[in-house]
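Below you'll find the structure I mean.
Per-chain numbering from 1; labels A, B, C and D assigned in written order.
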Amino acid sequence: MTKLSYPKALNKALRDEMERDPAVCVFGEDIGAGIAQVTLGLLNKFGSDRVVDTPLSEQAFTSMAIGAALCGMRPVIEFQIPSLLFLTFEQIANQAHKMSLMTGGQVCVPVTYVVPGSGSRAGWAGQHSDHPYSLFTHVGVKTAVPATPTDAYGLLVSAIRDADPVVLFAPAGAMAVRDDVDSRALEPVPLGRARIHRAGTDVTVVAVGHLVHEALAVADELDGEISVEVFDPRTVYPFDWDGLAASIAKTGRLVTIDDSNRSCGIGAEIIATVTEEMTLVAPPKRVTRPDGAVLPFALELDRAVQPSREQLVTAIKTVMK
Amino acid sequence: MTKLSYPKALNKALRDEMERDPAVCVFGEDIGAGIAQVTLGLLNKFGSDRVVDTPLSEQAFTSMAIGAALCGMRPVIEFQIPSLLFLTFEQIANQAHKMSLMTGGQVCVPVTYVVPGSGSRAGWAGQHSDHPYSLFTHVGVKTAVPATPTDAYGLLVSAIRDADPVVLFAPAGAMAVRDDVDSRALEPVPLGRARIHRAGTDVTVVAVGHLVHEALAVADELDGEISVEVFDPRTVYPFDWDGLAASIAKTGRLVTIDDSNRSCGIGAEIIATVTEEMTLVAPPKRVTRPDGAVLPFALELDRAVQPSREQLVTAIKTVMK
Amino acid sequence: MALSAAGLYRRMRLIRDFEELALRLVKSGDIVGGTHPYIGEEAVAVGVCAALAEQDLITSTHRGHGHVLAKGSDPARMLAELTGRETGLNRGRGGSMHAADIGQGILGANAIVGAAAPIAVGAAWAGQRHGTGQVVATFFGDGGLNQGVLLEALNLAALWQLPVLFVCENNGYATTMPVRTGIAGSATGRAEAFGIPAVTVDGMDVEVVRDATAEAASRARRGDGPGLIECLTYRFGPHHTMEYGIRLNYRTQEEIEHWRQRDPLTIQGGRITPAERAQADAEIEELLAEAERFALTSPRPDPAGALDYLYASGMAARAGVA
Amino acid sequence: MALSAAGLYRRMRLIRDFEELALRLVKSGDIVGGTHPYIGEEAVAVGVCAALAEQDLITSTHRGHGHVLAKGSDPARMLAELTGRETGLNRGRGGSMHAADIGQGILGANAIVGAAAPIAVGAAWAGQRHGTGQVVATFFGDGGLNQGVLLEALNLAALWQLPVLFVCENNGYATTMPVRTGIAGSATGRAEAFGIPAVTVDGMDVEVVRDATAEAASRARRGDGPGLIECLTYRFGPHHTMEYGIRLNYRTQEEIEHWRQRDPLTIQGGRITPAERAQADAEIEELLAEAERFALTSPRPDPAGALDYLYASGMAARAGVA
C-alpha cells in the first residue's frame, strides 16, 4: 500500500487506458517530456504516434482531436493552463459538443481535455489562474473536478471511456493531496455520481475540487458543535441531483463553496435547483470568487480573492442561526 | 413621431456616438455594406478609417480593438453571429477584461461588442443559434440584452461611453419590435438599471431580451387572475439587484424566463441571489433552454428547445399555488 | 470515383439543378433559413471528388451542397435534410450548413468558416496512423484563408506530412469583401510558406480541377504530404438567399456576366455529344422530381425528440423547466 | 533611443544582472511563482529598443523582463512588481508575465503566447490614424509563430501597411519543442507570404539587431508597412525557474556551451574599453543594489484592495460571499 499522488493517479489512469484501448492517444505541449507529470513515461512506452507533442497551436490540435475521434480514436488533450480553454472554447463548445446532435447521431466525439493545475497557482497571476468549469457546465460539456487522487484516477478513466467530450480540471490546490490506496483497488468513477466525504445531519456543504479539503477541515473544526455533511459532486456536469436531494432531505440546510466566479457559477446552479425542487429550513449560502474576478499577482491579493475557510465557517453558522 | 425599429435604433446610437466622439470607430465584416443594417450609411458618412471592413479574422481584429483602445480609440465591433463570441472568448475574457486590473489601473479597454440577431434565427441551426450572455456574466464582462429599440439605443450609447468592455446582444427575437418614440427623446440608459415594463403585485417575472415581450403577453393573458410584474434587467451584468429587491418586496414571488441554457445561466443566478438575500413566500421557478442545448435545424425542433409562453404560464401558476 | 466526360457533366448538372430547386423551396418556405447557393462553382466540387476514391474523406463548408452531392450523397436525403425531415441525412437536425454523411465519407459541412480544416487534419492523421491510405479533402473559401486555425492546420499537416488536400474555392469574395482587400499575398503563397506544394487552377473547368486534384492526391497517398489547390471560380448567385432581400452593390453586372460566359456546365457540356447532354439533363430532371417528392412527403421530426442525439452516451439533459 | 557601444553593453548588463538578481529572489521566495529568465537573449531586446524612439511602443511576452528594461522602465519599480509591492509598475497586480509601463510605451507583457501581436497591430492602426509616426514593436518567440492569431495579425498589418515590427526571438525551443519539429517552413517565409519584408539576423550581436531594426523602423515610419526581424538567439537558462525542480533533457550540454561562447555581453563587451566595461558593471551593480533595497522595503498591497482596478469605470464587484 503506497501513497498515491494526484499527478501519479492521472498518469496511471492514462497509462491503463492506453494499454487497454489502442484508440486512446494524447495530444499536448511538452507531453513527451512530461512537464506536468501527467504524461511521464508515456512517450517511451507508447511511442510518438500515440503520444503526440504538438506545436503551440491549441485551436488546431483541439479540432484535430475531433477529426481523429470521427475516425475511431479516443484522444486525450493536455492543456498547460486553464485559460487555454478560453482559446479553444469554439473548438470544444461549438464543434466537439455539437456534432452528435447536428449530425443526427451519425458521429460521436469522445475527446477528453485535461487541465493539470487549474485555478490559482501562486504567482502565475491574471491570465493563468482561472477556474472556468462553470462555463462548461453552462454549455453542457461534461465536466469533472476531482478532489482526490483516487477520484482523479476514476474520473479520468470514465472520461476517456465516455462517448462525449469531457473536461477534467485537476485543481492546483489538490495536486499535493495523497491517498492511501492499493493501486490495484483503483476503479472507474461514474460521471454524475457524488461522493459524501463525511456524513452529517445539520447542514450539507457542497464543496468542489480542492475546496473539499477545506470543507473537511471546517467540518472537523465544528465537530460537536455543528454536524456537517461534506458533499463532493465530483462532476459539476452532469450533477448528482438525486444524491444532493437525499443529503438535503437529511439536513435541510445548504452551503456551497467553490472556486468559480460568483455570477452564474456552479454555486448559483446548486442553490437554484435546490430551491426550486427541494426543501430547506433556512436560506442557503454560497462561498465563491467575487463577480468577474481577475486574480492579482501579489500573494496576499491572490489569496484574498479565493474562497476561504473563514468564509465557509461564517456561512455555515449563518445558515444554522 | 415615427416608429423606431430595433436595427435603426442601433444604427442611430452608433451614428450619434461617432458624431459626438471622434474616438469611436467600428470594426467588423461587411459593415461597409451594412448587411446587418446596424452600420448602414456609416461608411459613407465617416469614411474607411473609422468604419473598417475587416477580413475574416475575428480573433485578430478583436485584439486589434484592444490595441486601438489602449491608444485612445473607442472601438465597436460587430459580430455577424453569436458563436463568434466563442471564437473570440480568449480575446474578450482573458485579454480585454483583465487588462485594467493586471496593469494596476494603467489602462482601460473601452470596447463594445455588438451581436445583431443573437439566439435562434429560424433555420440557422446548431452553430448559429447560441445565446451566450450568461458566459459573459460569469466572467464578469458587462453584458446588455435590450428588449426594445429604445433600450437598444440607450444601452448601446452607454456601452460605447463606458470605460470597460461591454457585450451587447440584440436578440433575433426582438429585431422586429418597433417603438413609438420621438427620436429626439432617445437618451442613454445606464448599465445596471432595470426597467419595469408592467407593474404587478402577485409575482415578479424577470424576463430577458426578446422574452420580455412574451412575458408581457402572458401578463395580459393572466390579467384579472394574477397580477404580474414584468421586470427587465436590461443588463444581465451588472444586474440591478436593488431594483429586483424592491419588486420582490412587493410580490414575494419569482419566476424567471430567459433564453440561455439552464445550468449556470442567468436564471440560476437570479434565483440564487434572491434566495440568499431576499424573502419569498413561495419557491421560485425558472424557464430556460434545456441543459447543454444545441438547437436542431428543423423548425419544430428548434422551437421545442426554446422557452415558451406556455411554460411561463405554467411556472407562474405553480408559484401562485 | 472515376467519371467519364459525360459523367462529370452529369454530376455538375445534378448540383446546378439541385441548387435551383433549393432556391424554389426557399421561396416557397419549404426550406427555412435560406441557403448559400453553389451555382457557378460546380466544377470545383465535382472535379475534386472525381479524383478521390470511395473511401476518401471530405469536409465541407457553409456553401456545401455541391460538395455533399459530388461526394455521392443521395440527393433525395440531402433535400429531405434541407426541408427538415426525419429522412434527411442528419435526420433534419443539421440543415444546409451541417449536412454530414459518414457513409459517403462526408465528415460534415461546418457553419464556422475555416473550422473544418483542422478536423480534416485530424482525420488524415488517424488514417495515416491506421495505414488506410485515405486522403482527406477539405474545402474552404478565400475568406477561410484568413482564419488563424486554418493556417495552424496547414502547419500541422505539413509538419507531419499528412494526406490532406486543402481545396481553396476562391470565388473572389468573402460575402461582400473582395479577395484583394482581404488577403495579403496569395493562397498558394501561404501554403508554400509551410512547405506545402500549391497550384492555382481554372475552377470553371472540371477536368482541370480533377487532374490537379489527382496529382496532389497521388502525392499524398505516396506519403509525400499535403497539397493545396486554389480553384479560381465564381458564384453566379447571392452569398446567401437573404441577399435577395437586401441591395448589396459589391459586384458589377459586367463582372457577373463575364464569369457567366465561363459557366462550367457550358465548358464541360461542349466536350460531350448533344445526345449525352440531353440524356443527362433528362435523367437529372427525373431524379430531382423524385427527390422533391421524397423530401416533401417525408415525415417531420417529432418535437418530443428535439434533444435526441445531444449526448452520444445517451445521457438525457434536464428540461428547460422543472 | 540612440546608444553608444558602451551604452548598449550597459543596457545588456543591466538585464543580465537584473535577471540573476531575480533568480536569487525566486530562490529566496521574495519572488513568488518564478520567472522565465531572459539570460542569453539580451541583445534582442536591447538592439530592438535602441532603434526605437521614445514615443514608439512595444508589446512583450511571458519572457518579458528584458523588453521592459530595454525600453526604459525603472528597474527598481520592475523589481518591486516582481516582488508584489504596491510600488511596482503594476502596483503588484501584474507580476512577471504582465508587466506594463504605459509611460514608457510598454503596452504590456502577455502571458498568452502570440496574443500581443494583434494588440500591437491595433496600436499601430491607431497611431497611423492619428499620424503620430509611432512604430510598434511586438516581441514573440518561435513558438508564437504557430498561434493562428499571430498569423492573422501579419495579414492585417500587411493589408493596411501598418507600422509594426514583428520581432521573432527564435531561441530554438518552445519550452521543450525544438523549432524544426514545431515549425514547417520558416519565420521569414511566413512573413513574406503576407508580403512582409523579413530578415534573419544574429540575435547575439546587439549592433546587428539594432541596425536591422532601424532599417525596418524607418521603412515603417515612411509608411511602407510592417517588417519582421527574426533574431537567432538562445536562452542560457531554463524555460522557467520551475525547470530547476524537474529534469528535462531536451538540450545537450554541448549545445548550451556552444551558445555560451557567443554570449552577447562578451561580443559587445569586446567592442568597448575595459575601463568602460568596468564602469558599466560597477554602475549596474550599484543601481541594482538600490533597486533591491527599494523593492524589498516597499509596502505590500492591502488585501482589502484585491479587486481595485477590476473595472476602469470604478464599478464594484460583488464579494464572493453575501
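Methods note: a residue touches a chain if its C-beta (ideal position, glycine included) is under 8 Å from a C-beta of that chain, and two chains touch if they have at least 3 such contacts.
What you are looking at is a predicted structure, and each value in this text was computed from that prediction instead of being measured.
Novice: Both chain A and chain C are touched by which chains?
Specialist: Where chain A and chain C share a partner, that partner set is B, D.
Novice: Quick one: which chain's Cα centre is the longest way from chain A's?
Specialist: Looking at centroid distances, C is the chain farthest away.
Novice: Can you give the whole-Å distance between the Cα centres of chain B and chain D?
Specialist: 39
Novice: With chain centres defined as C-alpha means, what is the inter-centre distance between chain B and chain C in Å?
Specialist: Once rounded, the distance between the two centres reads 35 Å.
Novice: Roughly how many whole angstrom separate the Cα centroids of chain A and chain B?
Specialist: 30
Novice: Using the touch rule from the top of the page, what residues of chain C touch 2 or more other chains?
Specialist: Within chain C, residues 90, 92-94, 98, 110, 112, 146-149, 152, 155, 159, 181-183, 307, 310-311, 317, 322 contact more than one other chain.
Novice: Where does chain A touch two or more other chains at once, residue-wise?
Specialist: 55, 57, 59-60, 83, 87, 90, 94, 101-102, 125-127, 140, 263, 273, 276, 285-286, 291-294, 296-297
Novice: Which of line, ring, star, complete or other matches the graph of chains that touch?
Specialist: complete
Novice: Name, in rising order, each residue of chain B that touches chain D in their complex.
Specialist: 49, 54-55, 57, 59-73, 90-91, 94-95, 99-110, 140, 142, 162-164, 192, 238, 273, 276-277
Novice: Can you list the residues on chain B that touch chain A in the complex?
Specialist: Contact set of chain B toward chain A: 83, 86-87, 89-90, 93-94, 97-98, 101-102, 125-127, 130, 132, 134-135, 137-141, 237, 239, 260-261, 263-269, 271-273, 275-276, 283-286, 291-294, 296-297.
Novice: In the complex, go through chain D and note every residue touching chain C.
Specialist: Against chain C, the touching part of chain D is residues 146-152, 154-155, 158-159, 181-185, 189-190, 192-196.
Novice: In their complex, what parts of chain C are in touch with chain A?
Specialist: 57, 88-94, 98, 100-102, 107-108, 110, 112, 115, 118-127, 129-130, 136, 148-149, 152-153, 155-156, 159, 307-315, 317, 322
Novice: Which stretch or stretches of chain B touch chain C in the complex?
Specialist: Its residues touching chain C are 29-30, 32-33, 35, 53, 55-57, 59-60, 83, 87, 121-128, 262-263, 285-294, 296-305, 307, 311, 314-315.
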